Structure formats: structure tokens, C-alpha cells
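Just so it is clear, A, B, C and D label the chains in written order, and each chain counts residues from 1 on its own.
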Amino acid sequence: MRRGVGGVGPGRLPAARSPLRGEGTAVSPDLARRLADVRAATENLCAPLAAEDYVVQSMPDASPAKWHLGHTTWFFETFVLGPHRPGFRQYREAWAPLFNSYYVAAGPRHPRPERGMLTRPTVCEVHAWRSAVDGELQELLRSPEGQRPEVAAVAELGLQHEQQHQELLLTDILHAFSRNPLGPTYRAARLPAGAEEAPAGWREHPGGVVSVGHPGGGFAFDNEGPEHRVLLQPHALASRRVTCGEYADFIADGGYRRPDLWLSDGWAAVEAMGWQAPLYWSEEGGVWARFTLHGWQPVDRAAPVAHVSYYEAEAYARWAGARLPTEQEWEAAARHAAAEGQFVEDGALEPLPGAGGPLLGGTWTWTSSPYVAYPGFRPWEGALGEYNGKFMVNQVVLRGGSCLSPRSHLRPSYRNFFPPQARWQMAGIRLAR
Amino acid sequence: MRRGVGGVGPGRLPAARSPLRGEGTAVSPDLARRLADVRAATENLCAPLAAEDYVVQSMPDASPAKWHLGHTTWFFETFVLGPHRPGFRQYREAWAPLFNSYYVAAGPRHPRPERGMLTRPTVCEVHAWRSAVDGELQELLRSPEGQRPEVAAVAELGLQHEQQHQELLLTDILHAFSRNPLGPTYRAARLPAGAEEAPAGWREHPGGVVSVGHPGGGFAFDNEGPEHRVLLQPHALASRRVTCGEYADFIADGGYRRPDLWLSDGWAAVEAMGWQAPLYWSEEGGVWARFTLHGWQPVDRAAPVAHVSYYEAEAYARWAGARLPTEQEWEAAARHAAAEGQFVEDGALEPLPGAGGPLLGGTWTWTSSPYVAYPGFRPWEGALGEYNGKFMVNQVVLRGGSCLSPRSHLRPSYRNFFPPQARWQMAGIRLAR
Amino acid sequence: MRRGVGGVGPGRLPAARSPLRGEGTAVSPDLARRLADVRAATENLCAPLAAEDYVVQSMPDASPAKWHLGHTTWFFETFVLGPHRPGFRQYREAWAPLFNSYYVAAGPRHPRPERGMLTRPTVCEVHAWRSAVDGELQELLRSPEGQRPEVAAVAELGLQHEQQHQELLLTDILHAFSRNPLGPTYRAARLPAGAEEAPAGWREHPGGVVSVGHPGGGFAFDNEGPEHRVLLQPHALASRRVTCGEYADFIADGGYRRPDLWLSDGWAAVEAMGWQAPLYWSEEGGVWARFTLHGWQPVDRAAPVAHVSYYEAEAYARWAGARLPTEQEWEAAARHAAAEGQFVEDGALEPLPGAGGPLLGGTWTWTSSPYVAYPGFRPWEGALGEYNGKFMVNQVVLRGGSCLSPRSHLRPSYRNFFPPQARWQMAGIRLAR
Amino acid sequence: MRRGVGGVGPGRLPAARSPLRGEGTAVSPDLARRLADVRAATENLCAPLAAEDYVVQSMPDASPAKWHLGHTTWFFETFVLGPHRPGFRQYREAWAPLFNSYYVAAGPRHPRPERGMLTRPTVCEVHAWRSAVDGELQELLRSPEGQRPEVAAVAELGLQHEQQHQELLLTDILHAFSRNPLGPTYRAARLPAGAEEAPAGWREHPGGVVSVGHPGGGFAFDNEGPEHRVLLQPHALASRRVTCGEYADFIADGGYRRPDLWLSDGWAAVEAMGWQAPLYWSEEGGVWARFTLHGWQPVDRAAPVAHVSYYEAEAYARWAGARLPTEQEWEAAARHAAAEGQFVEDGALEPLPGAGGPLLGGTWTWTSSPYVAYPGFRPWEGALGEYNGKFMVNQVVLRGGSCLSPRSHLRPSYRNFFPPQARWQMAGIRLAR
């Protein structure tokens, strides 16, 4: 299983494709400041970690926190400073292969499952590297070279890329901590319990031809385009996400013991991995608890369920007499929805009660759509083009972002993707019919 | 990896869904005769086999010939005779779990990878069983019970199911023989060499809303419906399939050594399995040969290439500056195409030169479409409903049938499916753009 | 896990090492007749098999019956006829790699786990091959070349090798049949139940320097020599083998649930493989049954226990407050014991009640001795030298033969060997202290 | 593969078995001081490590440095302070399962391959734990309870156990650093090159009955006893170990490409793991380098070869026309040898030129002896009894210690053991014939 978002990649780099769009991005007067903010935010997320916590790779799909710090820095060195900053030299040449995720065209790569073997460079050394690169970036953006649209475009991409890794960093730390019987907490807190939610309603859509994909204006990854028209069937979308309480009812009704509810591959996963509940859930004496970045917490029936695989989402939907939405159905709704939600920037590390309504934030939403190219899709040229297109098989699209996503990183056309068995990302369920 | 077509299943059983359609099937005056013909055809396909050849399971996805003989017979016992023939008793009760492929609701199942362990019942005993069941079927169809539309519907399904297994039987025997260094031949023959094909042309389609899915009237599997409208983009379909010669050019150009041509999972497969050419191809002294049901044969540059995975088809398309068609694009073309081709009933065991044009027969065509439900899809109820729907993840759609398919089994709406790494089925490539 | 006896090998080939010994073998006037008898005996063992039964390889350590028939024939072609019969040509050159077990110096070898893929040559063809080779062997032994001591030596080796494979053939058929839920029987029979055995007594040995290893005179494998002196500690050997009843008491006492009774690797095997009883035992409603060449039979408390691994034998001994004997202790006792027992030639396919006393026949006895070279051991030169020596690591010595062994094949110095986890050979337990 | 020495265990605990011996140990007036020295020495070994270096588990057989620090501390808590210090309470109860290696009777155990997942407790916290336990130990040894022979015995065992883990800690750090392409150094140094060694001589032994095993007087592990007599054959032992130069000649002569030189399992390991040289050796442009605790160094032809498996040692011996010594042959020589050598306490981290002669220190010596119990062996009772006896299968004995061993920890009767494929411990070769 390879992670979807992965070392995640770049995308629709406007300058190279369309001068207009490149320009559009470049004129952003606040890029240098936003860049500094985003880089600092990453480091703030690491504040609660001990040096030891940065090193561990708890499964091949996850990466150590230190690796995220280094990889995002390598990204700026490789795609921004190297090509665009005159006289720039890598901070440490030998580190490049260690922090190249999967860009074959960008040179050799340390094997992904070996990332946890790298005790050196130390956290301290990586921070020094970040600092040096940040300085160079700021100087570049203030220099004449930094005014070129393609520089702004690729710097913006680096910023968005860093935001993706902010969510991944937290996602991977949660997984790493979950492997420790001591149950370490990332941030101590007692989560409030919500009142049980009323049943979800249905929002009808009459079907017909609609536009999906990124309409232009502002940043987007290449896999969000081109915008195009599709023919939707009449359908309805649930007014909120499935809650932990509803999911617990599915479990109590034998959901994990009835093969008729599951896709064949899903049932095989249930049996092979012994799934009996979402990832991080544990039951003792009939009471469910879940492991979170706040340590062990009681399962709150009112909160949106998270950390389910596509297989579980799909089986739940069948049990509930519904189905999952297609990504087009979801996007048609999101185009008109308010952009409210709960985000890491607001201090949310868990999808809280009441977060089930908004379409953005809270938990990612599994769709029923396999991750494939839009008609007319063209990946970026060069090494950056490797990064979304080559994953377009064996993955399922998720939409909407989670509470671990930075708010400014999300939009209705955003396509995340993970293999159907993946559970460690914060993914939940919204029904359709 | 689980096979797509699998023990393959039933589907749109008309009677239960729609009396009209059930009727339509039931009135077929020749069902009893067709049934006798199809059952006999299966046995004719086994004529060249030694008793030892029936037993071997050459990989978990393949099944022994004896198992195909038994499974199709179990299918008639379980779904036709058991429910509909008064007083019917299974020939041997203990055999049922051995020959139940994956129908959880139909009782216990011998593990799929263990099918090659079953030396008993012997081939002889299985033939006796077939004969007894054939007798019962004929009597049922001549009895008053046999006149009921739902009986005709499910008997028709058994017939279609048996046809699917005819192709699987040959597909699996080829694989089994390929594991033997002695290179046994199923049928001795020297294949004629064709003249190299002229470059393929392009057949343009203007796009727009079209109907796809089975329009009703005659048998169809449940996954072929319901018929529905989709919005196609303007596109073009190649006038014929990719030939062995063209594919050899791809190999010679380093196709299997360039990661930039491959999906990420595809390249992982190339590396993990050491792929250097289609399955069954072997090179010595710069000359390619391929293993066939006629034993080892020279690779004929004019013949359609076969036994490639989705990953290879997709990489080839990228190398050729094209792409694979969606299943909707393919079906739109096939609705208007002549139903010519080369089929096992004509004695074809290999896609011969000149077979690249027809849309049906020759080789299956990989599409770019993941195998998902059509809007409004409803699987059949009961055990038979397990059989197409539960495989709708991690598979890719193939269209059109192959030379190993019985002619009467194919139609434009027919959806076959295999995992993207599968190569032992007779699958080839037709480009789109 | 690789089988101990394996394709088993040759050994102390007297002629090449010592003319005297070679002579000794060569003068045997009845070699030709014995050879004919042994070859025919192998085929008689196959009489109950259907053609399908010959093909299956039920695990990588086991071999198909057809392979045993072919391998022993290949052995005569390669080591007797090829070097010694003027003008001899292989029956089918292409078959040699298929039936070469592990003799690197004798040419290429089909991978061991792939033996079950070989539906061709058919059983019929292998029988024809055997017949042709038998004819050649008889002619060789009647010719002047056949009178040379080295020919007699290697022909004798071929005979002994064939006898080893007789036991392996039955051992592997039992395993293959056990994989079939129908529980086929090799020979129908209802086994008699014995009266429970009285407790075993102890036969004391005062210790001191004794001789072990083959003393010369008659055939022996190379690993049985040279004869040498060892210093034994005072000890005692049980008067009979452990019975099924005693072993059932061990199970009932939680033997398979108490890690303190097991070697660390043994306990790992218990957990990894879910062992709860000897191989082929099954419990229903508190009653134990075992699968045998006579099909399913009740477990007879009076019969010697069989089909236990070294780990189980060792754990049982600890539970019983005793230990397993060293191979030297066992051999010191066997040198003075009567050569009675139960053997396949007497029609025994199971170790029957009362068979626990004899030191030869019944079941093999696990010793506590790792399989290592005797001081001064020298393997045979050439390809035949590969065959005992190269297995001298990760194996444990078993002594005494079983009821599936031909009587004439056994002697006190005979060393069999299997990995400690192997259970499909007919191995039992005799305690020491 | 499980490591031999493992969390290594206790053994001949004199007090419990024999008051005399217990007394002998207890009267040692310097136990408290030696204990303080040994505990401090462990921490000194960690001085060059960054916090990140303590966490990584580079393979299932290895353990993180932090784990070694914690496990040895847990050992004192569990076996010394818990039973013998009135009112003692564990420092942190929840940590016990994390640092229990394999003592089933001492409670639950975190799975061995998961040790690298434990970022908490941090290094800092573990050091605080060590300090607290050291204080308690010193107080116990100064208290009346500390004067009891059984307390001294088990404290002495804790000390010896800690010394074993000192070597393991360095062994595992070397392995962990070897997984990092940056090639970190534990201690910077340029190793001196030696002059090539003269050919080894042979030291003859006439054979006959000799005594082996620990003769009593001073500490020994249970597996070293009881002392007993064995009958040796006449033999000769090489005057020094095999050098890197000699081993390089073996490589150059195709040693890793000739199956006839290898045990069957050894050759399988060569092929499965792609071995072409000792662990940590790397070749570029015909020149060999090796990775050491001093980083990458040129291979010195004069230094003893290290980091070879039993398979490689055995194959080398066959190539050299010799064999490996039995452990009894080695011990007979070591009983009369001077106890010189190179040890970690002298600052040696590599077996240096000239170290090939001494029987103790430098590198461990592979013997040809499988690791089995001595006649009359009785493991210690209780949890401590688990620790040597339960590994007596599938392992080979090594003798003599290495330069990473503390000098005071070694003696002629000391038996180390590893599986035949293990290479990460500092093991070398001394020939016999």
C-alpha cells in the first residue's frame, strides 16, 4: 500500500502552461510573507515532539516527522532555488537522495520503507538546513529573479506542498504514537462530549449537465483540471457526515461479521487484518475508546467517524441502504457551500461534534470514484509532472479536507486519493443515494 | 490477485426483476438444445487433455480444468435443479463445497488456492456427474416446471456462465502448460505468418450525450445495466488493435526500462516481477517467440499483441503518444460495428493477423475505466447477487471478447474485468486519443 | 523447510573408496534379482492410485508420486547406465532436469516447489521409461561390465535409494490425501484397537566408551561412517515408544498451551502454525481421530504416536520429566537389539499397537542429536558426494525406520534427518533419562 | 532469525543450587564497586550517540540502544531489587513489558520487532531510571539483605548480563549506522594498516579423554556446565584466525559462486540474500572497503576477518581444505592459552592486525558444534531458567569473545550462540583439521 497524497506533488504550474495564470499567481504581493508563515507553522506543529519522536517510521506508508521537515526543504532546494537562484548550492549534497520522495527524474531516492533508519542528519541539523533555505527563499523572492511569474508559481507550489505535509506530519505522528503501549499524547486535552445528532437529512439534486474541475484563478494542482462538463443523474447528498454513534450501531449490528455487506476485496481485508472497528478504536467492557492526538479518549457518538477505509465506508453505506457519492456529485454540492469547518489552524486535532455538516474540514470524505484523469488531463512537464498523474490507478478519491488540513489549502475542486484499504488518514463518510 | 471474471457470475436475471424480460428469455424455443450444445462444447474443449492435465492449478488465480467442469455443473445443481426440479437431490453432497467458487450465501467453499490439491473426485467421476446433471436439466426443461420464465432465465444464466468458463478453461490450460519446460501443446499447428500491418488509422467521434449499457431484449449480466446516458468528449479510436510488431518496437525502444512511461504501481510491478515483455514471450538471440496453445511459435509482427496487463497497455499508450479508450467510448463505437471476429468456435486459439480490426473477438481490449457500478445498478437478489457487484473495486474493464470466447456469448455492452496486473487472460490494446 | 531425506542420496560407495568393500558388494549374486524386486515393489505401491493422484505436490517439501517414479529412474540413468553401459543414451534427454532432485554437479534442476506443475510426461510415459531402464539395468548386470565392483556398488546404491523413495512416496501420498476434504483412502481398512499399554520401563546403560557408526560389511551410506568411539554417560532408554494415549494426556494437560515446556523456536512454531496436536489428528466432541493411509481412524491409545515434530517430541519429553536420547545412546542399544518390527512389506501402513518395543520399524525415533558429520567423515567424490554431507546443518537425526520402510533397508547405524519442525514423516518418540 | 545471545540470560546461579558456590560469589568484597563501574561503562559507550541514534531498530534481531539501557535496568529491578529489596517498587510499572526481552514467566512482553516504535520513554527518562535503580542497588548491597549469598549471586548475574549487552549495544549501533547512506561514525579514527600475515601454523593435539565445561570457582552461565569428560579425536588447530587477505582470496577464487563449497542451506542463503562478501564489505573498482564503528575503512589484509556467518566460515574452511573446530577442541586449547587479546576496554572497536593469535578477544570463533545441552545440564529454576536452555536448537556455538567484549566477561568455557545465517555479530574463523 502506498499512500495517496504521498510525498504529494505539484501540479498545474501556471507559468509553464499559461502565462496568464502564472502572472496571476506571481502578482500575489504577500507570497514571501505567506511562505514564511507556512514554514514557521510546520515547525510549530513539531513543538510538542521529543527528538526521539522525529525518527520513527511506524509503517512503510508513514514517514518520520524529521523526514517531512527535510523533504519539504529539499523540495524548495530542488524546484525553486536550484533552477532560479543564481549561484545557489545545495546545503548538503549527500542529503538530497534521502529526502527525495519519489521523483525519479530528480535523481536517486532512498527507499521509502527505510526512512526510519536515518538517525542522521539529526533534528538539529535539519532545522539548521530549514533555516538556511528559508533565508535563501526570502532573498530570492526579494531579488529581480523572484519577480518572474514562473518563480512565483513554483514557490507557491512549494508552499502548498508544505501544507500537504503539515497534515501528513500530524497523521503520521498519530500513527507512530498509537504503536506505543504507553499511549503518548501530542497535546493533553479532555475532549468535550456532544449531544447525539439528529438523523441526517437529504439534499436533493435534480441531475443534468454540470461543470467540475478547477475553474482557474488561484492555485490548483494539475489533477484538478481541466474544468469540464459531466452529466449527473438525479441524486441526494446527506446533510451531514456519519457520526461515531451511527457507526457504532453498524458495528453492534454485526457489520464486521457479515460478508454480504462488503466488497470482496473489502471482506478479504477484514479477515486478513482482523478489523473490528475503525483504526484507533478499542473496546473494553462494551465501551469504545479511540486513540487521538490527545491520547485515549472516549468515543463520542456525536462526532463524525474518522479513520475508516474505503471498504468500511462502502460497507457502512450498503448497511445504511445508501451509497457513497461520486466525486462529481460531491463537487457540485461543494461549489455552492459555505467554506466553514474546523481546521488545524483553529486548534482542532479531532473532528468535533457538529463538524459533520460543513463540506470542508472535519474529516475527508470517501467518494465512490476511482482516481482517474479528467478528460484532457495533462501532467506538468519535467520531474514535477511525475506527481499526481502516475498514481492514477488503484486509488479512490477523497474530498473536502479534514480538521488537520490548513484552511487556506482547501477548495471544492481539491482531489485527495488513497488506496481503498488505507485508514490512517483522517477519512470519514457522507452518504448519497 | 483475484481473477476478474472469476467463477463469474450471473446477473440480470430477468424473471425476478422484470416479468417481461423473464418471458423474453423463457420463450426461446431452443434453450434445451443450446444447453446441450454448450455443455458438450465444454467437454470437447477437454478432448486433448490427459487425466493429469485436469488436476493442476498453476497459480491461485487459475483453476484446474476438472474444477471448471465441476463448478459449472455445481452451478446448475445449485441454482437451476435445486430450486426448480421437484425431488431433486445433489449427485454427491460432499462435493458442493469443493466446487462453490465464491458464493458465500450458497454455503461453505474450499479455499481457492487449494483447488489443485483435489485429485478426487477423478475426471471420470466428474464426467459421470456432468452426464447425470445434463439428463436432469433436459428433463426439467421438458417438464411443466421448465416452462416457467424464471427457470428459463436461470438456465440461460447457467449456459452463459458455462460459456465464460469455456474461455477460462483454455486460458488456464495455457498457463498450466506454460509452467512445464517441455512446452506441451494443446493442439499441434504451425501458425501462418502475416504481412506486416499498415499503420492504424483514427476513427473520429464528435462527442456528446450517448446511451451505454444493455438496452434490453436478450440476456445480459446485471453489471451491464441499467442503460443510461453519458456525456462523451470528442475523441478518436484506432482503426485496429496494436500488433506484436508495434509492441516489439516499444520493447526495443526501452519500454520496460523507462519509469517515466509507467504508472507508479505499474513500474513497481515491472520491477517486482521482472517483466520484460508480454506474458508467454521469450527472446533468444534477438528473436521473440511466444508460448501458445499450439506450443512455442515465432512472434508474428502482424498479429494483435495479447497477454499484456493494464499497466503494460497503459505504458504502451503513453509511449505511442495516445491513451486507452474509456469503456463508454469503446461501447459507443461497438454499438455500430459489425460483429465479425475470430472465435474459438471457428477453431481460433490465437488472435491471428488481420484480427485487429473487428471490435469483437481476437483479444479483449483494456479500457481506461475502473470497474464501477453504473448509476442505478442493482445486483440480483440472493446468492446470485454476489457475483458481479462485489468485485467493483481494484479492477479495470475489458471489452469485446477474444478468440477464445464463444461467439454467441459476446455483445457490445459486455463488461469483463481484471486487476491491472493480470496478464494470463487474452487481453490486448486498442488506442484512443 | 527442506525435507531431510530429500531426494536422498547415495553414500559410502565402496568400490571407489575401498576395493575390498566394493568387492564385498559386487559378489552379491542376487543383485539383479533384488533390483528387479525393488523396482517392482515401487510400482506395486502405486497400484491404488488414480492417474490424478500421481501429479499433486501438496507442499514444497513433498513430491508427486510420479516424480518419485521418475527421479529414481533418472538416478539409475545418471549414475549407473550413463557411466557404465556402453552406448547408453537417455530415454528422453529433456526429462533429466525435471527429475534431478538437487545434484548440482549432475546438471540443471527444475525448481523443487514446481514439481506439481508437471502434468507431462504422463504417468503412462513414466512407466514406459521405467520399463526401458529396467531392461537396460538387467542387461548391464548380466554383461561383463556389470561384473565390475564399482558397477555393483552404484547399482546397490540405486536400489537403496529407490527404497528410500518408497517410504517417501507413501509419506507424500498421505499428505496429499490429507489436503482433500473428501478424505480419500489409499487402502480401505478398519484398524484394530489395542489394549492400553502398561507404563514403559527403563533399560539402564552404565556409560563408557562404545563404538558407533557402520562397522563395514554390506551397504551403508557415507554419513554412517567412519565407525568411531565415543564416551557415553550413564543413562537409561525407555523400553518402548510413547503411545497415542500418553501423548493425548500431554495434550489434555495443556501441553500445547504452556510455553515453559517448549524450546523457544518450538513455541514460535506452535503459535505460527496453530499446532494443537500431532499432524493428521483432529478432535470433535472430545474424541480424537487421525487421518491415515486407511482414511480417518479413531486414535488408538495403545499405538505409538506418530507425525510429531522434533519440537513436540522434545516438549513431550520435558513434560514427562525425561529427555530424548542422543543418537549414540540409541545406536548403542540398537546394536544389541533384535531386528523385529512392522514394515510396509508386511502390509503395515500404520504403527500398530505393540509396535512400540522394537527399535527398528514402527515409527522413526527423534533423537536429541543435531545432524553433523562423524569425525573423519568424507563424502563420496563427484555428484554423488553432494547428497548427505551438504545437509549437515539445521537438521535433527532420527533413527530406526518406520512401518513404511522396507525391512531390508534398515540397520542400527542408519541416520535419517529432518528439520525440527517437520511432521509429515512418520516420526515418534522414545524417551531417555 | 532470532539472535543467539539475545537478551541473554542468567544461568548457573550458585546460591540457589549450591550454598558453597553462592557463598563464593557473595564474599566478593568488590561487587558493589564493580557493579557501579559496569553500569557506568554502559553509559560511557553511549556518549557518542545523538538522541535519535538511541531509537532505531535496524532489523528484528537488533535492538535500539535505548532498549539495551532499559532492559538491563529492568533486569535488576525484576531479579534483584524486586525479590530482595524490602519495600521496593518499580520505577514505572508500565515500562516493564516494554523492556522484558523474552522471559515469559516474568510477565508480558512488547513484541521484539516493535522495539523501534518506542520513542517514549525518552533517552532522558531512561537515564533517570538507570540512576534511580543504581542508587537502590548500592543501598541494597550495603544493607544486611545484600549480604545474603543469593543476592550477591543474582547481582553478579545482572552485572554479567549488562556486560553482554554492552557488546550487543555496539554490535547493534554498527548495524544501525550501516543502514544510513551517510555512513555515520561512532568514533572517528583512521585504522593503521598491518603487514600481511605469514601463513598460519598448526597446533597438534593427540586426542583422548579431556574435561570440558566450567570447572567451578567464579561466575559461569548455566549452559557452561556441568563439567564433563569427552573423547577427542587427534586433531590440529590453526595458530591464528583467518585474515581478511585470506578471505579476499576466497572471494577472488569464486567462493561465492561455487555451490559445491557450501552447505545446501548456506548456498540457499547466498542466493536469497545475494551475499558476495562478509557483511559490511563493499567493493569499488576492485578495492574492498568495510564499514566499521570508525566509518568506512579500507579492508586490511592483515586483520582477522569478521562479520561472516557460519555458512561462510564453513564454506571457507572447505575451500581451504580444512574444517571448523568443535567447541570441545577449541576449549581444550583455550584451557591452556594465555588470556591476552584486544578488548573494548582497551579501546578496540575492530579486530586489529596481530589479533588473530589469541584465543580470547579479537573476533568470536565459529565452531562446528550445534548448540546443545551438556550431559546433565539443568537450567536455573524460575524465570531465569528460561534463558539459555530454551535456545538449544537451530544455533551454532561461538567461542572466545571479540574486541567488543569486556575482558572480564570472558573465559574458556564461555558459550555464545547464533543462528548459522547471522552475520552482524563480530564473528570470525579459526581452522582445524
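We adopt the following convention: contacts are C-beta pairs under 8 Å (C-beta built on N, C-alpha and C of every residue); 3 or more make two chains touch, one makes a residue touch a chain.
In this text the structure is predicted, and so the values were computed from the model without any measurement.
Taking each chain's centre as the mean of its CA atoms, C is the chain most distant from chain A.
Homomeric contact chain A/chain D is classed as same-residue, with over half of its interface positions used by both copies.
Centre to centre, using the average C-alpha position, chain A and chain B are separated by 38 Å.
Averaging C-alpha coordinates per chain places the centre of chain A 60 Å away from that of chain C.
In whole angstrom, the spacing between the mean C-alpha positions of chain A and chain D is 46.
Among the residues of chain B, none is found touching two or more other chains.
Those residues of chain C that touch chain B in the shared complex are 50-56, 58, 66, 94-95, 97-98, 110, 114, 116-123, 176-177, 179-182, 184. Listing the residues of chain D that touch chain C in their complex gives 2, 102, 104-105, 209, 228-231, 233, 259-260, 262-267, 310-311, 314, 368-370, 372-373, 375-376, 386, 390-394, 396, 420.
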